[in-house]
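Common to both upcoming complexes is subunit A, partnered first by subunit B, then by subunit C.
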Partner chain A sequence: MIEEIRAKAADLLRSGEVKCFIGYERASDGLTARPFFAYSADEADRLIFDGTCVHNLARYLPDMRGKRVGILAKPCDSRSINVLIREGQVEREEVYIVGVVCDGVYRTTWGKPSRELQPRCLYCSKRTPVVYDYLVGQPPPAPESQHPASISEVEALERKPAAERWEFWRSHFARCIRCNACRQICPACYCPQCFSDQLDPLWTGIRIGLPQNWVWNVGRALHLAGRCIDCEECQRACPMGIPLAILNRKLASRVKELFGFEAGMDPRAPFPFATFEKEEEIL
Partner chain B sequence: MARIGVFICHCGHNIAGVIDVGRVVEAAKRMPGVAYAGDYIYCCSDPGQAFIRQAIKENRLTRVVVGACSPRMHEKTFQEVLASAGLNPFLLEMANLREHCSWVHSEAKEEATEKAIDLIRMAVAKASRAEPLFAKPIPITKRALVVGGGIAGIQAALDIANAGFEVVLVEREPTIGGKMAKFDKTFPTLDCASCILTPRMVEVAKHPNIRLMTYAEVEEVKGYAGNFEVRIRQKARKVDHSKCTGCGTCWQKCPTKVPSEFDLGLGKRTAIYIPFPQAVPPKPVIDTVNCRYMAYLEFVRSGREGKPPPQCRICEKLCPTGAINWDEEDAIITERFGAIVVATGYDLFDPSQIPQYGYGRLDNVITSLEFERILNASGPTGGRILLKDGREPKRVAIVHCVGSRDLNYNEYCSKVCCMYSMKYAHLIKERIPDAEVYEFYIDVRSAGKGFEEFYNRVLDEGVRFVRGKVAEIFKGKDGLSVRFEDTLTGGRHVLSVDMVILACGLVPQRDAGEVARIFKLSRSPDGFFLEKHPKLDPVNTHADGVFLAGACIGPCDIPDAVARGSAAAAKAIGLLSRDEILSEPMTAIVDISKCSGCMLCEEICPFDAIEPQVVRGKRVARVKEELCKGCGSCAAACRSGAINLRGFTHQQLLAEVEAL
Partner chain C sequence: MSDREPRVVGFLCNWCSYAGADLAGTSRMQYPPNIRIIRVPCSGRVDPLLVIKAFERGADGVLVSGCHPGDCHYTQGNYYARRRLAILRDLLEFLGIERDRFRIEWVSAAEGQRFAQIVADFVKKLKELGPRR
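Take a look at the complex of A and B:
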């Protein structure tokens, strides 16, 4: 698999088809992976792929606009690419997508190996990327989903009384240090100026305090409703361990329930919030 | 720093009877930015307005808050006060102390006063962030589009053209004339329809300001009053009308005969045809579905096996000017107009929906429109009233209100059926003097100039009027039997007749929904197009710059259709005579430094008012201000807050929220 990826990337770089190939290389702990940008065929040898390759590389595509780039895409990354295409942040013709069939990625952290799957992989319904130009690996026979999540964290939380849920989020948001790591890593956050950075109007408030944090966290989640593809990178990046994915997943499931829409599956599907039908259920 | 003036209106007792105005004024004086606060018994009255004007000048106010009634009532009034005091009118903010406060809280005066103070505080906060706004003049395209070439559309086109404006008249059939062209005589004066209509049709064709586009349809309308962009499909005629002289050789010689739509299937036409002898333009089109050569071409294209149809091409061989053009395809033409008149008429109610009347099943049960063709000298029988077997009918029944005034079909009265039914009785009596004619009616509705007189005349001619609904029409011993109830004398009877004419009602055109969608029209519950106001604005619509004429608004006779045509023309002329219109100043605006170019706003805007543009290599959104209606959908959708709505900016609204 790795050899095939390296050979394909080298080909693309050698032929000039792409200027840069975005993939993974081994980090200096010898254990985890880190994003890697190969600019020449020689460098392609450093590429790797295995269960440590957690990052959603689609994050880097908007910054590469105007250049032809190649990218290694797991199923989740491929959905992000679709979101970016539909939102005009990536031109389909400018990216060469090397899709890779994925069995899930691990909770490996710096210096600490793990064979436990990332929570997102338990919810993931795809093993084959939804968009690619070249596929590495054998697409699995249907059904694609491999680890049906037993009872989700969302449901578990929903079963609790409102006061407890409130306390759950209050205590989490109270710890937010507004470092913006969640935003910086999110492949769907590309606004030139985030609402939370604006001073006039002052949407969020400058102070790092509960009300301000609350506005930020809820605002962030709402801006991703119908757009988040559940790569869970925000939660992985959060240094305070705030379970952001629960919020994201809840919104995604509501969007699916109400509009039958799943982000990133089809770049041409009309966006639910921008469509209007005469007969619509009042929410 | 803004110098804000606050004016609290008593509205007589309406506000002051509940709210302690004095306390509100005192509280307002202490609000940030407020340089003056006062109250007046009726702010909207002349002295009230003068009071505000004077206070603005004396206190050098730069923003004004009026705590009074709903802005829907008096926003304009107070905006004008600001303008007359030298302030931009959009620096006004209204707090609704009446509908939102005193009227709904008359039982709780104390709390109402507290709420009034809060409402004023919010309005003051919003006003402090208000910016002057300016309407922009937009030049007008001084041309009109008239859609539908019935009598109403013809009248509208002529009136607008005579006022000196260019008109394009689009008609979907190969000729103009509409329903009226099918008639023989018209009630109540019995003028020959074509004698009065044909000159008008020719006038349209000859008018230097009118461009006639028959066999064409409007596909899309974009833009706004004053500047519409309209996409028109000119259907392929396969005949080059610039070469054709209308000599008629082709349609006399074409071997393909098919039922004529114009004669409602009672007569035949050829595959290359004009619908009727006085058609305008008098030049043919080829019906590509039935033409033999087209069938041959289709056969070859499909690559099917077997014997191909004949390669007829007789018209092409005989045409002296070489006008036949097999290569002609549908053409799409895009043009700009300032005003649009929709005059697309009506359809006849389809009586086969009433099975007990036997239409389509029984011979000699015919619709009124079919009877018009039978009466017409250029119709299938040359104007002789004949049964299917060629005999003259001796007893004729005319059934009123078919599909009208009947909750099973249409509740409304179709207005013209009584009159045209009596026209038929008269014409039958005139042409077959010994014929017996029976009118089965519910009520005779003959309101109109000369109508009642015509009714009396027909009564005198010996026409039998039977008050009652016909229950059933069936095959009798010889001819047809009509079962009916006579509600005047009581009792059920059966009458034997030779012919039954169904006075079918007028219904919305089959594709009314599609036409409404294209022109952004609304429809009333009966399905006809909705006028802006049924009494005071009968030819205007809710789509600015689009006017209605003729029977597409609802059933009407020819004089009404003509009057509506002229009325719509007057409205269109009124719009076109202006050089420019003022844009709505409260529009959305994009801060391109914050815009990511995701174009969600473009998808969301219900008025197609947003498009992408490239600024310094970066794609960003642009608001087409002329189209923007200021609904604010885009401003709500934009995640980065790149879109602001002038007059309701994020800054203003957040200031309001924070003041609370």
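Take a look at the complex of A and C:
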């Protein structure tokens, strides 16, 4: 698998089909992976792919506009690419997508290997990328879902009374330090000016306190409604361990229930909040 | 604190609901003074962040009101609003803000009576719920 990826990347770079190939290389701890940008065929030998390759590389695509780039895409990354294509942030012709069949990635942190799957992989329904130019690995036979989660954290929280839900989120948001790591790592957060950086109107407020953090976290989640593909990078990047993915997953499931829309599956499907049906019982 | 009057922020569209509220006023209908009305050009103007901000600043309840579907002055603003506010309401509920604290109502310019009734019901409900945590 790794050999195939390296050979394909080297081919692409050698032929000039792409200027840069975005993939993973082994990090300096020798255990985890880090994003890697190969600019020549020789460098392609450093590429790897295994369960430690957790990052969503689609994050880098909007910065690469105007350049032909190759990218290694897991199924979740491929959905992100679709979101970016639909929103006009990435030109389909400018990206060469090398899709990989994915068995899930691990909860590996710096220096600490693990064979435990990332939580997102437990909810994931795709093992084959939804968009690719070249596929590495054998697509599994249907059905694709591999580890159906028995009871989700979303449902567990929904069953609690409102007061407990409030307390749950209050305790988490109170710890937020507003480092914006969730935003910086999110492939769907590319706004030149984020609402939380605006001073007029001052949506979030300057202070780092519960009310301000509440607005930031709720606003962030809401702006990702129907756009989040559940790559859970925000939660992984959060230094305070705030379970942001629960919020994202809740919104994604509601968008699916109400509007039958799943982000990143089809780049031509109309965005649910930019369209409407005259007769619909949604309130 | 429990006897504190609930504070309600009402986002009313200029063409229907605001005129409806105006009719309630000019017809001298009584409704609770707990509501602070903010006039917006259209219910489609109500960015969910405005509602979030209202709750952050201590509102006990938020009412968003616009023309009935099909009657929008801008023909389709309230259809977009309906989708956005539907998802916002689910999110707020999930965050632990009771569903009854956020109301979406369609009120036409002729429904002064109905507007007064909606506000009265809303405030009554909020008093039952008590102040927000």
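Here, the second predicted complex is superposed on the first by the 282 of 283 C-alpha atoms of A that agree within 3 Å, B and C clash if a C-alpha of one lies under 4 Å from a C-alpha of the other, contacts with A are read in each partner's own complex, and residues count from 1 in each chain.
Methods note: contacts are C-beta pairs under 8 Å (C-beta built on N, C-alpha and C of every residue); 3 or more make two chains touch, one makes a residue touch a chain.
On a predicted model such as this, the values are computed, not experimentally measured, just so you know.
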{"item": "Broader residue contact with subunit A after superposition on the shared chain, subunit B or subunit C", "value": "C"}
{"item": "Subunit B versus subunit C as contact partner of A:Trp203, first or second or both or neither", "value": "both"}
{"item": "Partner chain in contact with A:Glu87 - subunit B first, subunit C second, else both or neither", "value": "first"}
{"item": "Contacts of A:Phe168 with subunit B and subunit C, given as first, second, both or neither", "value": "second"}
{"item": "Touched partner set for A:Phe276, first subunit B, second subunit C, both or neither", "value": "both"}
{"item": "Which superposed partner A:Trp214 touches (first subunit B, second subunit C, both, neither)", "value": "second"}
{"item": "Partner chain in contact with A:Pro192 - subunit B first, subunit C second, else both or neither", "value": "first"}
{"item": "Partner chain(s) touched by A:Tyr39 [first = subunit B, second = subunit C, both, neither]", "value": "neither"}
{"item": "Overlapping contact positions on subunit A, where the subunit C interface meets the subunit B interface", "value": "195, 203, 273-274, 276"}
{"item": "Residues of subunit B touching subunit A in the complex", "value": "593-600, 603-604, 606, 612, 617, 619, 637, 639-642, 649-651, 654"}
{"item": "Contacting residues of subunit A [partner subunit B, same complex]", "value": "66, 87-89, 190-195, 198, 200-203, 223, 270-271, 273-274, 276"}
{"item": "Touching residues (chain side subunit C, partner subunit A) in the complex", "value": "48-49, 52-53, 56-57, 69-70, 76, 79-80, 82-91, 93-98, 104, 133"}
{"item": "Contact set on subunit A toward subunit C in their complex", "value": "157-158, 162-170, 195, 203, 211-212, 214-215, 218-219, 221-222, 225-226, 247, 250-251, 254-255, 258-259, 272-274, 276-278, 280, 282-283"}
